[in-house]
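Same chain, two partners: subunit A is paired with subunit B first, then with subunit C.
This part shows the complex of A and B:
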């Protein structure tokens, strides 16, 4: 990473904005942190899930006789037994509450299975190996039913039904956008239409999911250690599915080795492992294996998109029909992602006539799971692709066509056709910085020279707008969060926050904010996250929310504690409170810098000499505050549109590729991303997140895809068949920063961490099409694996002949 | 079989082959980079795991223009070999070892013999051995057999080795005056090889090459007197004709289908030939030293 061009220091000493070292980084590097599987209480039993080997089948019987007799086996539970002991798992986002269809989600399939890999039974044994051996001995007798594996096929009237009781396979359908699109397209000088396909991919964190449930039969309490993102939601879900009072459940989030949405709650194993522990009265652990982890799907969508524009490149209207393949339904929020593909269109372009029709369709594949980008990625792949197609049709430079259509910085906040209210941004500024970093004109010249030598260099640009920190009314997708800041008698500070970290480092960012707002050294602060018995009610990690609302609420709470410190110190120093500064643990008089008192001394004074020093000041050095950012508006406008996002980060990608037309291999030559997430609390952590998101986007653009056989079994279930990017596949990823503070958050920061995927996908796809433009190709599918690139070339050859 | 397999790490071949003869479904363990994951995934359930670690089968030797590679020689050991006189054969073997995907762990564990015995069409070694005109030795209770590399792989994941035999060693002519080319095509860094091509060119341009990855069995091709300046398109055409004439069985897996592999085979093969021929035979250097 090159150094950022601009970092706005916030505050006098700039702890906010500093590249502070990651909290706990030394423990991570030396292998001392404990992930879920490192928690091994005495007497822990191990669970293995028996899964369906049929895409769609009626379960005729489950024979566990042999399995129960095997060494170490403590319990075998099937779906019928589990259904007597537990209820349905509540949805994180209930499709029925949004006008869609639902089915009851159970921790184990009861009578019917609807995808290969669906949990059917569970085996608990003394060791994992014993449980695996016994699980292999469980016999499922079933009658196959017709299945459908493709969403477009699933929409046909005669398609097999994933859920027998439904009239069709549509989970959710909705129209988005306002404006007269027919008139806009009729008025256009040029209209282009493409059908674009995004393959099913997955998140593949280093650490898969895992849960350790410990039921204490003596006091009837349940403690669940979990590699998860949303501990409070999990507590609620387990309370509902197990019929337990929430006060009897404690969720402890362990150190998490990557989440990317995968570890949001609603997975059947959460209820299942807790139930198994309840039945056995002993701790039961389940750690997902890598093949199970690969079942989590994301992003599989088909977009038929049309835009019309004037001769000079101004886009007048957009029409898009989206078919999203959600697989089988799950209580996890993944099914809702395509909703954001629709809402995020037309991105940061001023196109007021949009007609976007979304259909979320069930198939007999594993469930869609929340994945970084949360559907917004698809909007960018599609929009940036069609903008390039339009530019080519008009003979315009792709940079220029974007510039002509961007919402201007002076138009902010800007209400889009789909109802989003973009808080702030400078999109032409992003373009200028990216073009400068690429040395665009020189690069175009280099491209011409390369072509003369028979080499195929391509340049791809892609803009990305990332709505972040979502609020879904009536769901546990919350746009606020809560933090307690508590100072002890020695002046050390505990921060208890409702947001959790997936490993990205928001605990470090929150500590920086508290250090600055409270005026204490960062080393005196300990941030505790993810423990429902310790932390205030919160919502965990998703939607780039952790620094906006976790950091924002921490700032408000820290300011309260600071005010108390100042009030007491003023008594101790006999000065006016307004005369006092607090910085790095010292309270200092502005007018007489020699007049000082350490914060620790103020704390011990208040807490041990309250009646002597400050009888009228309540001796509490603690505050709990929630931060509700501005710009969220759930009152539907005259078109029924709501505005669920406070902040909109933006970025502009530039990719340079070389394509080998003999093999179809795409080589990344250079990569630039100009990124604007408003104020950066910690640029290193922002860059780390953005780098990861770009690489996830590049992988899904070039090599990653989940492949199923005709019977619905996953074939790409190892890292040798699901190809993630490695360092050797990547050029140096260059990052340039632009800072356009949000007017709606405490520090002007916007969500960071999701931006990068759709832009990277689109930039690469645009670059490949640009490289192969002499052949007249159109890129319509990702990933652009070498065989796919040759297919694209063949397609162009057929068209031109 | 459902129980825990017996594990044995015998110190000699006679003891090892005796154990294999007694087992129902034995697995020979070399580096374990394939067998251990298969066993973890319960897709392979042997009753005996016969570990070659103590059988003294590792190491590389050169004797009288013959390169000998012990069956349990790791890629790391290949790379650490500094023997003189290994010729083009050792140089190309080291090129292959350097490009083994999976990082130091795999190069430290994975073995040349193990890969030959696994016979994954999408891997480097089976094709390499054909290109080297290597000979493979297997030992069984009744003695040993020598098998030409071309006859070694009988199909995808199948070899001429009988279940009670052990691959004990590989020999190949060193080819001290030959030049070589080795081209491996992968979809991405983490991918199995999709197509590999090994080329050995004699000082007068007689070329032997093998194509791996594309077909169930590696393909051996030869061209006589190829001029170094033969245009790539012509070379490709020549190779494509030879490949078509051999009518090999295409290999399809989740990464790429047989049609794709077959289509790019002449491209990759031609690149290997050009790489070999581009090395100047009159430079005064050992012809195989540069790559």
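This part shows the complex of A and C:
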């Protein structure tokens, strides 16, 4: 199809760049939307999952006699029965395809359980209360096996093995980076080494997961309503695990109450609930309770990192050994996150000699689960910490050492040691803006004065580079997506897209793009996402991709439809198509602004009078397009490196904290983030995502931690023991924007939504260390809970004595 | 047991176990799914409703103990024709929600705050919101929205309710 007549550049006057209110906001505000649990078809049965109470055990038998006799119980299914009725769940990203190890993932454990909480049986009853009561009556007879709960311990030769058939507990190991690190460190004036620990945390969206499966025995079709991010992947996974043709499966994504990676696909309950519905021929619903939701790990890593630098602070080489604790394996993509910790190093710093060794290790804990940041967060905590440690060693200001090592704006695109190709950015610009917003020099003076008064104020800076919109060859981590734009006879527009929204608002951004590209009012557009029977093939939400490829493909499709409207309008108005503009639903002649026709009239004319008006124009007001952004390159270079990301957002955090050395309490005093995701389609949506990510990062820096007992049972299983940030814990979080458009996307936008976690962790850790610098402390662990801060102070006191 | 509740201005009778959680009765027996379940431990606030003029977490209230009460849920905030009230409109304009799951708590707590007499400080706002978790927004736009709700309500109420924070509408 032909190119559009005109497309106005993005800017404050266009619809792109406006702070358009969230589409469908009124439905959310009045409680009319339906989240998963709000779907209550008549006759729905309720499932409860019976879970292992052993970290590692052989299942000797499951006795469900008593449970089956209880009121309302329709079905009890155990792992052996399920294994006869369903196959393994395919991996979202198969570790074996990347050179790692795999095990078959089943919806219910068959012979062995490998973590406390692993599904071993399911109970279906008329009500949820009846199912819960019966689940409590299911008896699991098992023989305990030795277990290991710590990844470093799991690497020891004599450690218990999580999977008997493996020679050790390593899921995946790989080396990243090029350059002669030995020579670089030998040439360095200073070398610093630290071991840094990031605790296990979780995503904890307000709405837990849930599925409602409805098997229709008459036409043998399965409809699954799901709180999910990736409906097409889920359809494929269920097709594989249930042995059903994909054409007989429909996934409908309900309104999702937050996700942050949790609701990516591969969870055992997806297959399980569908199987239960198949067995019973009735709708079966399962909604995760909060304790179950807390099992999903987001990150847990140990980094031993060394950097060497010249006397004037230029980093010459970096070595990092990463041990990541993936828990038990799952089909969900979480196990792959630590890969991104490795490849995102050395971040936006020009360090060409890097040696990064990654080991992803299985333990007898619940699985690592995809989480906002997807491992990139850890790279920033670690890199920004070690840069501060180096600055302190050299007696340099933390701002200055960063400036000296940044990749310059004139060096873009820049190939990093690990093979990433940073598309664009102005990192010194981010630093300048953050320092200005903090009033850095005055702040340092204030810090000195506070110290004189015995108060411990600290300032922490952290840079963050966020590779986004990943493409993993041979996986369902796709770097493209697909959108259909369809105009009806009345001129109203339906946008059907393969990307989904977990609540962040990309449906609004996509509507804005279509409104501008097509030239119609935003109110005439309806965006439909997440329904595999309606939407084109797509990949859903992850890796900050929804606006880059969902928005990009919507733009291409909208341009096609606009071109058709213009061609038909030119016939109707007897003018040259090149003379026509389309704006707010009106086609107008540029040379004679009085010559106009409404888009709706063009649509009805083409679709009802095609033979009369435009016999040679195919009467279709619809286009389906995929957008493949530039910069992705899967041809390995001479070092075997590929380049899976089109865009690299960047930001620079500045945190100010006050620490009470008597109690260990850290109080946030001020916070600035300068953020650059290229062109902003809707600045308010960008700010909302970024602020949410910062606060998630602040929580993981200060209070959030999954804690297990020695037997592998989760202790922090509610919001009273797993502490999310609340409104009262925060200062005003200030945001400054910088815009360096990406050359590789339709509108110059880059992925947004993930940046914030790692930067916030690092900025706070750096600020706490800065606050306590009179005590000579080194911060090596997050979260910095009061007991941890006191431990750090004690450690420093011991060292100094 | 027959329990009488007045919900969003309408008298309702439900045949419920008096020990049934109020959130279950509202959602499952009365079909008012605008009230959400986030934790069932009283920590997140997604199940917040108003009972006789005071907000409460309906996961921590038994249906029997709410008998005879007047209850407002999120569905009851907008006008009868669905017209958004000032708090809802300002929340929308300020991007004070993303996924919307926390809105029962955030909206109803704000409505309660606005009924308070005298000055409402930023600390009052923070304290009012502190029982409600939001994982999407980072709270900043919510705090801004509530501040604006307070200021506009005071400006609209005339001199009696004017505070030093108020700005002319």
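Note that the second predicted complex is superposed on the first by the 789 of 801 C-alpha atoms of A that agree within 3 Å, B and C clash if a C-alpha of one lies under 4 Å from a C-alpha of the other, contacts with A are read in each partner's own complex, and residues count from 1 in each chain.
Everything that follows uses one rule, which is that a contact is a pair of C-beta atoms (placed from the backbone, for glycine too) under 8 Å apart; a residue touches a chain by one contact, two chains touch by 3 or more.
In this text the structure is predicted, and so the values were computed from the model without any measurement.
**Q** Quick one: is A:22 in contact with subunit B, with subunit C, with both, or with neither? Answer first, second, both or neither.
**A** After superposing on A, A:22 lies in contact with subunit C but is clear of subunit B.
**Q** Of the partners subunit B and subunit C, which touch A:663 in the superposed model: first, second, both, neither?
**A** First partner only.
**Q** By the touch definition at the top of the document, which applies to A:712: first (subunit B), second (subunit C), both, or neither?
**A** Neither subunit B nor subunit C is touched by A:712.
**Q** Between subunit B and subunit C, whom does A:33 touch in the aligned arrangement: first, second, both, or neither?
**A** second
**Q** As a test of reading the superposition: which chain, subunit B or subunit C, is in touch with more residues of subunit A?
**A** C
**Q** For A:688, is the partner it touches subunit B (first), subunit C (second), both, or none of the two (neither)?
**A** Second partner only, subunit C.
**Q** One more residue to check, A:467. First (subunit B), second (subunit C), both or neither?
**A** In the superposed model, A:467 contacts neither subunit B nor subunit C.
**Q** Considering only the touch criterion stated at the top, classify A:726 as touching first (subunit B), second (subunit C), both, or neither.
**A** both
**Q** Intersection of subunit A residues contacting subunit B with those contacting subunit C?
**A** Looking at subunit A, the two contact sets intersect at 718-720, 724-728.
**Q** Within the complex, which stretch of subunit B touches subunit A?
**A** Listed in rising order, the residues of subunit B that touch subunit A are 2, 37, 41-42, 185, 187-192, 194, 253-257, 260, 263-264, 267-268.
**Q** Report the residues of subunit A in contact with subunit C in the complex, numbered from low to high.
**A** 19, 21-22, 25-26, 28-35, 37-38, 40, 203-208, 255-258, 260, 287, 289-290, 502-505, 684-685, 687-689, 691-696, 718-720, 724-728, 730, 732-733
**Q** What does subunit C use to touch subunit A in their complex?
**A** 27-28, 31-41, 43-44, 46, 73-75, 77-78, 82, 84, 88, 91-93, 95, 97-104, 107, 126-127, 129-130, 132-143
**Q** Under the stated contact criterion, what part of subunit A meets subunit B in this complex?
**A** Touch residues, subunit A against subunit B: 132-133, 136-137, 291, 662-665, 702-703, 707, 715-716, 718-721, 723-729, 785-787, 790.
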